[in-house]
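Given below, in the form of structure tokens, are the structures.
Two complexes are shown next, each including chain A; its partner changes from chain B in the first to chain C in the second.
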Partner chain A sequence: MSQLVAALRKDLLLSWRSRAQAAAVVVFGATALLLLSFAVGPNAAALRQLAGGFLWVALLFSSTLALAESFRAETEQKGMEGLLLLPANPVSLFYGKALANWLQLMLMGMGLLPVLIVLYDPDLGRLWELCGILLLGTAGLSAPGTLYAGMAAQVRAQQVLLPLLLFPLVVPVLLAAVKASSLLLLGDPMGQAGSWALLLLAFNGIYWPLCGLLFGTVIEE
Partner chain B sequence: MPGGSQIPGPSPPERFGSYALRPRQRIMIESNFAVEAQGLCRRYGRSWALAHVDVRVPAGQALLIAGRNGSGKSTLLRILAGALRPDRGSLLVGGHDGIRDREALRRQVGLLGHASYTYDALSALQNLQIVARMLGRPADRGSLLPFLAELDLGGREGDAIHTFSAGMRRRLAIARLLLQDPAVVLLDEPYAQLDPAGFRYVDSLILRLKAEGRTVIVASHHLDEGAPLCDLGIALDRGQVVWRGSGRDLPAGFRSLDPASPLTVQEPSPRQGTSPDPAASRLSEVPSSTVARRA
Partner chain C sequence: MSVDLLPRPNPRAPLIASGLIAVSVVLLAIGSYIGLFHAPPEHFMGDVQRIMYVHVPTAWTAMLVLVVAFVCAIAFLFSQRWKWDAWLEASIEVGVLLALLLCVQGSIWAKPTWGVWWDWDPRLTSTAVLCFAFLGVLALRRFVEDPLKRATWSAVATIIAAADVPIVYMSVKWWNSLHQTQSTPQTVASSMVTPLRINAFGILFLAAGFLVLRSHLAQRRLAGELAPPLPERAEAHVQPTLGGAS
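Take a look at the complex of A and B:
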């Protein structure tokens, strides 16, 4: 447990030190939202209809950059290898990094919400529940994203490999998060958002422990 | 040659504060050797970086690994540190199977590698704090500053590593290694990027580590510095051991590391007419020399 706390502190500190890059990633997400709104055109009803989906697509694209960045510091001077040789428990290192990435993706999602409001004019009557979906959805991106970013960091084509590995795996997250967000933004007369939230919860319940167990195998040679 | 460090710092017992160095008795070694590797082989792709390498080092002694670039020195050290798995062979460190139980291996071994194992965006002190917290040791400023002061990094503890020179990074990596407090210390090119004062410090460090009962394995190109301090020596060429002896008896062909000079070496002969050489007497503990002859 003490190693997990130490790893989390280390990763939060590294995230804070690279906050300029994190801000650039948020700007990238905002730009994606802007371009997608241009693609739809000046149709307020269509923009509102698609707001939930576009939010998660922008967040997914931005998350690959943020996840890859979180391992750049580990590969520069082989920081993570040095910790493994201490020896540090790879499970602790995984959860420290995954939790830090989750926090970062959450903040990115919160940062994109104002842009979404300005560009897509969604109904924010259930804002707190939308934040809950952001919490669960970003958790679903963070755990497998950290695992695959750790794997991709060891090869040259990491910027290409990470999305190729991650996107197929997080299709259930994207599907559930988009459905739940759209229901919350457009109205949910049948009360279906809770079911999608449960799917996100189940995904996290499976992948957080699984990725923690696999991380040691992935990052060792 | 070994000598007092030019780097200012208090005497060793005060220097390490709460990190009182482990006395020899705390290192539980069940084997006759602190490090005992047999038949280590490691392949990168289709080429063998190591082929049937045997290494035996008694506790408290130093082994020099000589060889040209690409001879397999770093691969051997990385296997001994638990950073790489050998394709074949066995490894006992402190009596533990270092291949099956890499955690036990890593608890005993510390590696000063080519990379500094630090985070460039963080300060020197923060880097040491990460290591101390991972090891469950005190991570307060007072406990860690002496490690930086010993490596002449006092006053720079708050500076980010990316502002450091290559030599300062190397010093920080040594401070990190000392904080780890391993029983077996692996030094891969410890003189690289250091200034003359740093050379003298590494010499004194090797002697100090041996005096504390730790086992030291040094891979170095700076053989005039490292070789005389080492009780044992091996030379590698293309992943194979081509010479064994004591560090001070390293043949000239390896000492110069001149690519033009052949790696044809002679068996080390016992010294005559001088006081018995303890390093030479220990040669009986290592396998007989292998002599490679290159046309």
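Take a look at the complex of A and C:
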């Protein structure tokens, strides 16, 4: 447990020190939101309809940048080998990094929300619930994302490999998060948002333990 | 992690594979002949429905082969034997091929029946997602040169992708059912069952033949990658320019 806290502290410190990078990723996400609105055209009603979907697509694209970046320190100077020789437990290393990535993605999502509000003018009556969906959805991206980033960081062509592996896997996360966010932004007469949140919870319940279990085999030399 | 067992490709594998493929060709010829000329046309869809005699067996076999891939992935992680890696490679490739074929056949059927090439039906969408997920695993295998890393990582990625399949299916079903429900009556008359069964075995034997052949190839390649380099070849590799002088 103390190893996990130490790993989390290390990863948070690293992302804090390279915060310009994280800010650039948020700007990338905001640019994506802007470009996506061009794909629809200046139709306020249609944009409001699609706001939830665009938020998650922008978040998904920027998450691959953030996730790929998260293993740079470990690969550049063979830091991972050093950590394993300490010896640090791979499970704590995984959860430390996954939690740090989760926090970072969560903050990115929060950073994109004002841009979304300005560009798409959605109804924000249920902002807190939307933040809850952001919390669950980014958790679903970060667990498998951290595992795959750990693999991709060690290979050439990592820029291609990470989205190639991650995107098909997180289809349920994307579906559920988009559906829940759209319901919260557009009105939810049948009260369905809760069941989508449950699906996100189930995905997290499966992938957080599974990825932690498998991470050890991925980084072992 | 230590893997000291070299793969030992079975020299009779190509023969076994040819036998399986030959049987499958005969079965598919008989099944398709009955399906095309003897089975009655379907009441509503007419002759278009006859694609079912290859489509449904392809679907069954594709799912079966991908289950085999999942089992091979777990077997490799637990036993660390190279033969499971070779079988994993074979089963993912054959599985992806069958799943792609499944999507193509489905589109050919959907255009005259539903009027569109593609529909966001849960099974169709899940198959497409499945295809991309396992294509990602194949891409991963291409990018990793170290055989041990390649084997371990693709086993991990296969397990993760396989765990996703039920979640994808449930979520797409749920997502789509809020808009429309696609009714697909699966009641099949007895005169249609015979060609369906024969073709199911045909495709099963075909896939088995491909699996045997492909895993044999993978084992031979692995044996080449893992074998220690011959001394003279290693020298020639280090000093290519001095090769002629010595």
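The rule is simple: the second predicted complex is superposed on the first by the 220 of 221 C-alpha atoms of A that agree within 3 Å, B and C clash if a C-alpha of one lies under 4 Å from a C-alpha of the other, contacts with A are read in each partner's own complex, and residues count from 1 in each chain.
The definition used in the following text is that contacts are C-beta pairs under 8 Å (C-beta built on N, C-alpha and C of every residue); 3 or more make two chains touch, one makes a residue touch a chain.
Every value quoted in this text rests on a predicted model; they were computed, and no experiment measured them.
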item	value
Which superposed partner A:211 touches (first chain B, second chain C, both, neither)	second
A:144 touches, of chain B and chain C: first, second, both or neither?	second
Touched chain A residues, chain B compared with chain C	C
First, second, both or neither for A:192, with chain B first and chain C second	second
Chain B versus chain C as contact partner of A:176, first or second or both or neither	second
Chain B versus chain C as contact partner of A:79, first or second or both or neither	first
Contacting residues of chain A [partner chain C, same complex]	144, 147-148, 151, 154-157, 160-161, 164-165, 167-169, 171-172, 175-176, 179, 192, 195, 199, 202-203, 206-207, 210-211, 214, 217-218, 220
Chain A residues within the chain B interface of the complex	2-3, 5-7, 9-10, 13-14, 17-18, 73, 76-79, 81-88, 221
Residues of chain B touching chain A in the complex	81-85, 102-103, 106-107, 109-111, 113, 115-122, 126, 130-131, 133-136, 160-161, 169, 176, 180
Chain A-facing residues of chain C, complex	1, 77, 129-130, 132-133, 135-137, 139-140, 143-144, 149, 152-153, 155-157, 159-161, 163-164, 167-168, 170-172, 174-175, 178
